[in-house]
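The same chain A turns up in both complexes below, where it pairs with chain B and then with chain C.
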Partner chain A sequence: MNTSMRHLANWSILGLTLTFLIGPFLIIILAGASDTEYLAFPPQGLTFKWYLKVFTVESFRASFLLSMALAVFGTLAALLLGVPAAYALNRYDLPMAETVRTIVAAPIIVPGIIVGLALLRYMVVPTGVTVTLALFMAHTALVLPYAVRVVSSSMTNLRADMEEAAVLLGCTRLQAFTKVVLPNIRGGVLAAFILGFVTSFNQVPVSLFLSGPGVRTLPIDMLAYMEITFDPSVAALSALLAFMSLAIVFTAERLLGFSRYV
Partner chain B sequence: MFRNTREGLALALPAAIFSTLLFLVPVGILLSEAFRGTTGGWSLQGYIDFFSTPLNRTVFLRTLKLGVLVAGTAAVIGYAAAFCIVNLGPKSRGKVFGMVVLPLMISPVARTYAWIVILGRTGIVNEAITGLGLSDTPLRLLFTETAVFLGLLQLFLPLMIISLVSAMENIPRDVIPAARVLGASWFAVFFKVILPLTKEGLVIGGTLVFTGALTAYITPAILGGSKVLMLETLLYQRVNVSNDFVSASVIAMILIVMSFSANLLLKRIATARS
Partner chain C sequence: MSDAFVQLSDLTLSYGKSVAVPNLDLSIREGELIALLGPSGCGKTTTMRAIAGLLSPTGGTITIDGRDVTRVPANKRGIGLVFQSYALFPHLMAYENVAFGLRLQKLPEAEIKQRTEEGLATVGLTGFEKRKPAEMSGGQQQRVALARSLVMRPKVLLLDEPLSNLDARLRLEMRTELQRVQKETGITMVFVTHDQAEALALADRIVLMKDGKIEQLGTPSDLYARPATAFAAEFMGFENIFKVEGAEVVSANGRLPLEARPESSILAWRPDAVTVGSGPHEGRVAACSFAGAHREYVIDSALGPIKADAAIALPEVPLGETIRFDLPLSTARGLAA
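Moving on to the complex of A and B:
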């Protein structure tokens, strides 16, 4: 096979794969703009009314705010637990390091739907905590493995003698952490935040059972809306969410080379 | 390394305790529920009852079948795509790789919803079929195993490609041309050179895709509905419709056992080959 033939074969395989992976997004963007009362593709006429309607649906607004709050505060809480854990696993010779690592990684391995059900049955029902609090804790636990992993990997290249030098020069251990370690792992922490935010925001199975009257995350709300309405507004909302994720990832990539950390 | 173990534990334990209380304990109780006999004591009755219902057996086998099919197809496409990606110049390689990763950042609800637009009654495929006169009435393409298969493949293919690309990047540059010069066919190059050198990537990718397909909820819920139940959607139904927590606990255990055995089996295969 000569080079130009191989080139062509290469790009046709990639073209087909990328069409399969990305094509559906182009389709929902257009489907959301169809001037019909039902979902249609190719779109018949072009309108922005479905894109605007998304903002007027009361339940979407409430569930969007809940999902946002869960993603932001859940990820922050996960970092608060995860950064010290990642630091300890890297810097200390812990007796049970492997056990701690496995326990913290467990939420990735266990299917989310089981976790949601277990929390509902054995935490919400017996203790009477609110569904919102349970959601917050579930999302924190879900993001924790990512926080520990990403922060850990950004810490492995940081040599411990820099901190020791800082301590010798008169810093307390805490100061050594905030002045030497933290600035050096800033990129990793930010990357962990973004990864955690996106994971939490898009999460469905964990939240499936953890919903109550007026308390629903956005993806669950979209599922419910889909079952009763067939207008293109869910396509429009899906397209808007895709744009939001893309904007976050692009900004992160530009600012800190996000993909290095993931 | 710092020697002060107490200090280290004080930093690491909050995360571990949090995960234990919120994950291991509730999930452990849930899993034990199926083993609890009606008269107290332990029993396997929950499992026997579950598998003696034909519907449950169908759903179990379907989930296994779709998981294997999706992982297998993803591996075939993944090898082709990964091979092409590592052969690109450094600049377009980064761009194409980015386009493969991007879908992972987008809500699975949005990603699955696109298939409704494609396969629905007024979707692009049915418009084409009726437009070309191949059928007078729109075909039922949604709520079929094919729809669920396509949705799952689109959802998890990136994970396979990523795993295989990073495995292939570690193949020394000259190995494949050397095998070719020495007379190996492309078939032999793949099975004797590429596959053995990338098997770790295949194991990771295969586990991620298979486990992902088993435990996906949205795709079978939207594209399969109650016509094409999978274990996840069956679990949801059992809890929400019939309040049957024993079945839910059995399904939970099956899902976890399947995920772990897939990982072990793939690892075994990988080490046996070498």
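Moving on to the complex of A and C:
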């Protein structure tokens, strides 16, 4: 093959890859702007009314707030469990460390459909806990693997003797952790938070089973909305959410080199 | 010993079921510079960690300045430790690293500033206050680590392999620096090393350890000139060590006669104690290297290889040629079995 043909092949592969990555994103942006009563692509006419309508749909507003709360508090709870777990797994030669790692990773290995069904069948139904609480626990569990993994990777360069040095200078073990360990894994914890937030916010299969009267996460609410109404506002909302995720990841990358940790 | 400043009595240190140091007794005087010397696994680092309080003994006591600190936690013991890896806090600049311990004591800001600046000045790092550890060389990082410990005015300063991570030039500089700091502050220092040259050059006394026990304890000149055992002799550079049978030295390879029957059961010669160029024995030159003031020969003899230094004035004997040598009783060191 001569050089120009190889160039052509390389550029074609790159072009196709980018099309598949960015194409759907462009399609929903444009579909959300279509001046029709139904979802259409290519868009016919351009309008912002569907983008504006999104903000007036009452159930979207409620489910957005629920999804936000789940993403924030679920991820915080996962970090509260995950940071100490990552610390212990890195610092100590624990018996069964591998088993613990596997169990912690389980929520991302087991298909979400099964996790959701199991939570509904064996937790919500028999114990009668509220759907909101079940959702919170499910999202915490789903984010936990990311929290442990990302925080772990930021801890590998942290040597035990740094904490011993802090102790010899007068720190308690806890102070050594807060004054020496935490500041040095700050980037990893923030990265884990962002990754966890996005994971939780976009979660569908588990949340699907954990819905109740008036309690739905945003993606599930969008599914429900589409079953009844097929106007472009769902595409508009999807585009807005994609922009929100992009903005978060972009800011994180700018502030702390997010991609180092993931 | 009544003038002991640091006293380890019947100290036993274990990891799980394996005993690393059994029943150790050691007295260290105030202001002394002590080296714990030995090969890896001899218990020297374990002993140091026990003095620091990072490892709880399974038996025995540790007394510092008249106070039993065996059960005192590491953060209340008032002991400094300069880690082999320096263990600086990467997120803090040099000034904050040094001030770290003082801040924990909630001292007034003026005193923290004064002592931190003093500490950095002591190790010659004035002007480096704003550098992060990653922006400093290994030698500078070690000085920060030293200053960080010194500003706490510890009763005892422990140093783990303080020179091993430095290149040859810095090593000499740091050695002088440590001696100067010790003289200026009068602080009691214990350092751990596997390098006999380092121990000989720095220490007031050397504790030579083997398998968790003290093999020999003495001043550098003591240990250098009068090692008591074959292990100590080997560590102090006696490279030719042979068993004695009657009036002969023997090895796995063979035997050679001595001029008389010695009293010791083991004899050892440094390379420079072997006579080269004359003498009753013959061997072949297996290796020869120029070392400035002398030539270092490896002689293939009836005993196996013998290391011998020859004065530069003697003509060089080429590889493979026959060379005469002697193992004189007058320059031999007699050792206990």
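By our rule, the second predicted complex is superposed on the first by the 254 of 262 C-alpha atoms of A that agree within 3 Å, B and C clash if a C-alpha of one lies under 4 Å from a C-alpha of the other, contacts with A are read in each partner's own complex, and residues count from 1 in each chain.
We take it that a residue touches a chain if its C-beta (ideal position, glycine included) is under 8 Å from a C-beta of that chain, and two chains touch if they have at least 3 such contacts.
These figures come from a predicted structure and were not determined experimentally.
S.K.: Based on the superposition on chain A, does the combination of chain B and chain C result in a clash or a fit?
M.R.: They fit: once the shared chain is superposed, the two partners occupy separate space.
S.K.: Please indicate which partner A:G82 is in contact with in the superposed arrangement: first for chain B, second for chain C, both, or neither.
M.R.: first
S.K.: Look at A:D161 in the shared chain and tell me whether it touches chain B only, chain C only, both, or neither; answer first, second, both or neither.
M.R.: Touch status of A:D161: second partner only.
S.K.: For the overlaid complexes, name the partner, chain B or chain C, with more touching residues on chain A.
M.R.: Looking at chain B versus chain C, the one contacting more residues of chain A is B.
S.K.: Name the contact category of A:L169: first (chain B only), second (chain C only), both, or neither.
M.R.: The answer is second: A:L169 touches chain C but not chain B.
S.K.: Per the contact definition in the header, classify A:L256: touching chain B only (first), chain C only (second), both, or neither.
M.R.: neither
S.K.: Thinking of the overlay built on chain A, is A:N184 touched by chain B (first), by chain C (second), by both, or by neither?
M.R.: second
S.K.: Of the two partner chains, chain B (first) and chain C (second), which one does A:L39 touch, if any: first, second, both, or neither?
M.R.: The answer is first: A:L39 touches chain B but not chain C.
S.K.: By the touch definition at the top of the document, which applies to A:L223: first (chain B), second (chain C), both, or neither?
M.R.: Only chain B is touched by A:L223; chain C is not.
S.K.: Could you work out the angle between chain B and chain C as seen from chain A, using CA centres and rounding to the nearest 10 degrees?
M.R.: 100
S.K.: Could you state the shortest Cα distance, in Å, between chain B and chain C after the structures are superposed?
M.R.: 9
S.K.: Is there a shared patch on chain A that both chain B and chain C touch, and which residues make it up?
M.R.: none
S.K.: Please output the residues of chain C touching chain A within their complex, sorted ascending.
M.R.: Residue list for chain C touching chain A: 52-54, 74-77, 79-81, 83, 85, 87-91, 100-101, 104-105, 145, 148-149, 152.
S.K.: Taking the touch rule as given, give the residues of chain B at its contact with chain A in the complex, in rising order.
M.R.: Residues in contact with chain A: 1-5, 7-9, 11-16, 18-20, 22-27, 29-30, 77, 80-81, 84-85, 87-88, 96, 98-103, 105-111, 113-118, 120, 122-124, 127, 154, 157-158, 161, 214-215, 217-218, 221-222, 232, 235-236, 239, 245, 248, 252, 255-256, 259-260.
S.K.: Which part of chain A faces chain B closely enough to touch in the complex?
M.R.: On the chain A side, the touching residues are 10-11, 13-14, 17-18, 20-22, 24-25, 27-28, 31, 38-42, 81-82, 84-85, 87-89, 91-95, 97, 99-100, 103-104, 106-107, 109-115, 117-119, 121-123, 137-138, 140-141, 144, 148, 160, 198, 201-202, 204-205, 208-209, 219, 222-223, 226, 234-235, 237-239, 241-242, 245-246, 248-249, 253, 259, 262.
S.K.: Write out the stretch or stretches of chain A touching chain C in their complex.
M.R.: 159, 161-162, 164-172, 175, 179-180, 183-184
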